[in-house]
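These are the structures in question, set out in turn.
Next come two complexes, and both contain chain A; in the first it sits with chain B, in the second with chain C.
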Partner chain A sequence: MSMRATLAFATLRRHPARTVLAVLGIAVAAALLLDMVMLATGMRESFRSLLLTRGYQLRVSPKGTLPFDSEATIDGATAIVAALRANPDITAVSPALGTTLALPGQAFPSVFTLGLEADVQGDYVLEAGRDMPVTAGPSAPLPAVVNHTFLVRTGKRLGDTLTVAAGIDAQLRTAARNRVVVLTGEGRFFYVPAETPVMALPLPDVRTLLGPEYRDRMSVAMAESRLGDSVSVEAVRSWIATTQPRVTAISTETAIRQVEERLSYFRQLAFVLGAISLGIGFLLVATLVTLSVNERRGEIAVLRAIGTQKGGVLRQVLLEGFMLSGAGITGGLFLGLITAKWLNGILRDFPGLPAAFDFFLWSPEAAWKSLALLLVSGTLAGLLPAWRAASIPIIRSLREDAVG
Partner chain B sequence: MTRWFSPLVVGAALLAMPGHSLEAQGDSSLAPTYGRRAPAVRGIAIDARMAEDFGLATGSIVTLSGKPGERGDSVAVAAVFERKADPAEVARREYRIRTHLDHLQTLLDLDDRVDRFAVGVADNVPVDSAVARINHVAFGFRAHRSADVAVQSSRTFRVVERFHRAIGLITVVASAVFLLCLLLLSVEERRRDIAALRLMGISQGTIVRSIVIEAAVVSVIGSIIGAGIGWISSLIVNAHFQQVYRTPLLFALLTPEIFAFATLTSLALGIAAGAAAAWRLVRTPPLTLLGR
Partner chain C sequence: MPLADATVQTVIRCEQVHRRYTMGDAEVHAVRGIDLEIARGEFAAITGPSGCGKSTLLHLLGAIDAPSSGRVLVNGRDTATLGDAEATTFRLQHVGFVFQRFYLMPTLSAQENVELPLAEAGLGKAARRSRASELLGYVGLGDRRGHRPTQLSGGEQQRVAIARALANSPALLLADEPTGELDAATGERLLDLFRQLNRDGTTLVFVTHDHVVADTAQRVIRLLDGQVSSDTRRGER
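Moving on, here comes the complex of A and B:
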């Protein structure tokens, strides 16, 4: 360790109580800053990775709506899907029809159901059992993939059967259509809240269950552009918007922008609290180093009298600020990760949030940049007291120290 | 993402048709029309945000359809309503219209269907027994107590409230450490003064009390200044977010309870820090404090 570092370390060790408090203060400020950076960047990145889970960069929804933001559906779905699939720039299209089906005789009255094409679906990943076929026979039990919540709440297991019904008439107490369903697989659904029971059935069979008016309808379709860069995706989106006037095509970037608008409160809160954390860190180091320098005027005057250059004194005082900030930031990194997990646990309770969505996401680049900013800010906080220390009038300070 | 139980939202293609206007009808056109012939042009009510964005006013004629691209019905804007300051809707930028129930059912081809209806029970009927009786005969629907619905729909705000409390706790810890550090430093800086007082014969108790009083005064003054900064910040925050979300909702509020909590916390921390620092100094021999 160099002489300068040894002196700086000795100065900090001379007052352990104040040093510990300062390091603790900087650690809390660093933790808060880290959390706020994770909050500001986490939502965006988490949502992006959620949307791109299965590679689909585009969502096609009823005109003027976001996917599953209303009960509106798209008519003429077959023709629209066929037109999209005919475009060589689109490699895959996954249509989905969402609805609520009644569950006669079960613990809960209805289940959110997705009608999907199994070979192109991007809504779930199978975790146990068998996947559903593209379509089932007209009389055979409908194969269904359900989530864990569904199995827990119904008390059913894979292989069990139950009846689903649609077209409920409350006055006649009848269902217009019903089918026996066999639970073939358990899946993890990306876009459905973990606490919501959900069932996936073959799309044609869901349309049949819902009746003639749904025979050619879908709620949303996901499309994958052949080229994944934003310019190509935007070109495909623009083509869909031009050729399909009854739908709205949304790219991942647009969806992220719209969600960011809705959640801008959290981003701005993160910015304000992050700025306050930086300010607290700066003030703590500045106050501590200033008082430390005032206490050691005599000592600094002696150093100057025995030949230490102004630059040497300046660097030593700056080193004190650097050491304080460094120690605080190291502690703050661990504290920040723990508090981020705690805060994320709180916000994950938001109703209707997809299970895979996180508010606080560790982004190494953003986190290191923010902590480096705090380190620089803390080090620079010592600049003014360091300059004052280096400019101490040697003779007067020595005399004042000797006389007391 | 999934909002299947949300109230019906009309996938409405709305087109303002300037040049046509009806007499202003106020809210009366939305009143029930029992025993009267329905007017040829139905009235709708639109929210103020929509009226402002589309340049609509009472009497404007617009086209309303249930599906994009369809011809739809010509309807008159009969009323413009202000939306409630509802936190649940604050981030949603959609427009709202209100129509007669039968009008919407016709537009959406929903024959005699509703999403929900409210039931008022007589004063002498317990709500729970009414709910139980309805659910006993219900087929394809369920009755819920309004209180339960309110609890469910307020879950978002309870999560936000818990998050704010957690952030508040972290901020209080950070502020407490900062305050303790500053008071400790400010007391320790006066080692020579305290040594001189001790040498003059001032008792340890008197010195501790004076430092504690000083710390308390500094804490209270700091709290008042902090509250002032907080109040100004809340004005800026409210002005900004009210403009961003176009809502009269208050996002930040400085209440007497919050001010009292902040001041008392600061006072307690100040007194504790002042007492701890003063006690450490008065126990040190005066000559040691003077560096002799």
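Moving on, here comes the complex of A and C:
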């Protein structure tokens, strides 16, 4: 350690309680700043990561709607999906039909159900048991993949069967169609809130269960562009919009932009709180270093008298600010990560949020940038007291100190 | 360009030096036309009543203050022509200061306090350590190197301050009331150290209001109202 660093460290050690409190204050400011940066970037990145979980960059939904924004479905789904699959720039298409099926005799009356093609589906990842086939046929029990909440709330296990019903007549309390379902797998569904029971069934069987009017319908289709860059994805989106007038195609980037617009309040809040935490860190360092310099006017005058240049005093005091900020930021990094995890846990419990959605996301670049900004800010906070220290009139300070 | 000529035999030359400053609304004329020469190897005391301009003169000799008029030449260099950075380097290389209140850095050990001016002069860690140990041994504190100022007596603290002042082998050692905060016995031991330093070749000028302390020097310069009222050498007194 250099002599200047030794002296700076020793100066901070001189009043341990005061230094510890200041470091704690800076740590809290750094933690708040880090959390705000994680919040501001986390929701966007989490949403992007959520949408790109299985590589699909495009969502195709009924004209004028967002995916699963309404109960509207797309007629002529087979032709649309075939046309998309025929495009060499599209590598995969995953159609989905969302509906609610009744659960006669179960603890809760109905379950949100997704009709999917198992080989291309992008809605869940299998965590236990077996996946469902593309279609089960008319007589066999329908194989289903359900989420953990479904199993908990029905008290069922994998391998158990139950009956699902569609076309319920409320007055007659009868169902138009029933099917026995066997629970073959447990999956984690990306877009469905964790607290919502959900079931995935083969798409053709869901269509059959819902009746003839659903024979050729889908709620949404996800498409994957062969080239993943935004220009290529936009070209595919534009082609879909031109060739398929009954649908709206939306890219991940567009969806993120729309979400960002909706979340702009959060970002502004995060920006304001982050700026406040920067200001608090700045003021804490400035206050402590100013106090320290005022207490040491005599000592600083002696340093100047025995041959320390003004620049040396300036660097000395700036180093104190740097050390304070550095210690506070190191503590703040840990504090920020812990509080972010805790707050994320609370916010993720909000109803209606997709299971794979995070509010606070560790984004290294943003986090390091924000902490570096705080470090620079804290170091610069020492600039004014450092300049004052370097400008101390030697004789007057020695005289005042002798009198004092 | 070297800041001073180390070969000159007159270490200090004051020519019609005046120093005025304002204190509150009043102008103080602390030094009034002093002419003075101090040769290499001299051991001089500047004495006089409180407010006679002793400390102001010492500050002028040490280039931490500049005269309002007249010239102060230290080692042949006019201190008034030095800019702040040059004056600071000049002090670092040519002048050692000892203060009444010691002014050691309370959070550093004795060793580190002595190393401070050596670090400013750009010495590496090993060289600093070696030189600081040597100096602390010279002032009789070889076994107290790791102690902080608060763990040392007043006399020991002043010895550390002297070791610090000697760190860069200055041509001139200036001390402002060096025994002012010490008891009589400790003060006497410190003056013994000054005499030893002088015998070893250090040019030494100290300020004291105590006639008995002043009389231990080879030369006593008495000030009155900012002027030299007498300038006597041992044997003349």
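One rule holds for everything that comes next: the second predicted complex is superposed on the first by the 404 of 404 C-alpha atoms of A that agree within 3 Å, B and C clash if a C-alpha of one lies under 4 Å from a C-alpha of the other, contacts with A are read in each partner's own complex, and residues count from 1 in each chain.
One rule holds for everything that comes next: a residue touches a chain if its C-beta (ideal position, glycine included) is under 8 Å from a C-beta of that chain, and two chains touch if they have at least 3 such contacts.
The shown structure was predicted, so the numbers you read here are calculated from the model rather than taken from an experiment.
Peer 1: More residues of chain A are touched by which partner: chain B or chain C?
Peer 2: Of chain B and chain C, the partner in contact with more residues of chain A is B.
Peer 1: Is A:367 touching anything from chain B or chain C once the two structures are fitted on A? First, second, both or neither.
Peer 2: After superposing on A, A:367 lies clear of both chain B and chain C.
Peer 1: On the A-aligned overlay, A:246 touches which partner chain: chain B = first, chain C = second, or both, or neither?
Peer 2: Touch partner of A:246: chain B, not chain C.
Peer 1: For A:307, decide between first (touching chain B), second (touching chain C), both and neither.
Peer 2: It touches chain C, and chain B stays clear.
Peer 1: Would you check which partner chain A:386 touches, where first means chain B only, second means chain C only, and both and neither mean what they say?
Peer 2: After superposing on A, A:386 lies clear of both chain B and chain C.
Peer 1: Output check: A:14 vs chain B and chain C. Expected answer is one of first, second, both, neither. What do you get?
Peer 2: A:14 contacts chain C only, not chain B.
Peer 1: So, A:350: does it touch chain B (first), chain C (second), both, or neither?
Peer 2: first
Peer 1: Quick one: classify A:280 as touching chain B (first), chain C (second), both or neither.
Peer 2: After superposition on chain A, A:280 lies in contact with chain B alone.
Peer 1: Taking the stated contact definition, name every residue in chain A that is touched by chain B in one complex and by chain C in the other, in rising order.
Peer 2: After superposing on chain A, no chain A residue contacts both chain B and chain C.
Peer 1: Could you please specify the touching residues of chain B with respect to chain A in the complex?
Peer 2: 1-6, 8-9, 11, 13, 67-69, 91-93, 109, 138-142, 152, 155-156, 159, 162-163, 166-167, 170-171, 173-174, 177-178, 180-182, 184-185, 188-189, 192, 240-241, 244, 251, 280, 290-291
Peer 1: State the interface residues of chain C toward chain A in the complex, per the touch definition above.
Peer 2: For chain C paired with chain A, touching residues are 59, 62, 64-65, 84-85, 88-89, 91-93, 96-97, 99-101, 103, 105-108, 112, 115-117, 119-121, 128, 164-165, 168.
Peer 1: Going by the contact rule set out above, which residues of chain A touch chain B in the complex?
Peer 2: Residues 15, 17-18, 21-22, 24-25, 28-29, 31-32, 35, 62-65, 67-72, 75, 98-100, 102, 109, 112, 168-170, 173, 175, 191-193, 196, 213, 245-246, 261-265, 268-269, 273, 276-277, 280, 283-284, 287-288, 291, 294-295, 339, 342-343, 346-347, 349-352, 354, 404 of chain A touch chain B in their complex.
Peer 1: Which residues of chain A touch chain C in the complex?
Peer 2: 2-4, 6-7, 10-11, 13-14, 298-299, 302-310, 312, 394-395, 398, 401-402
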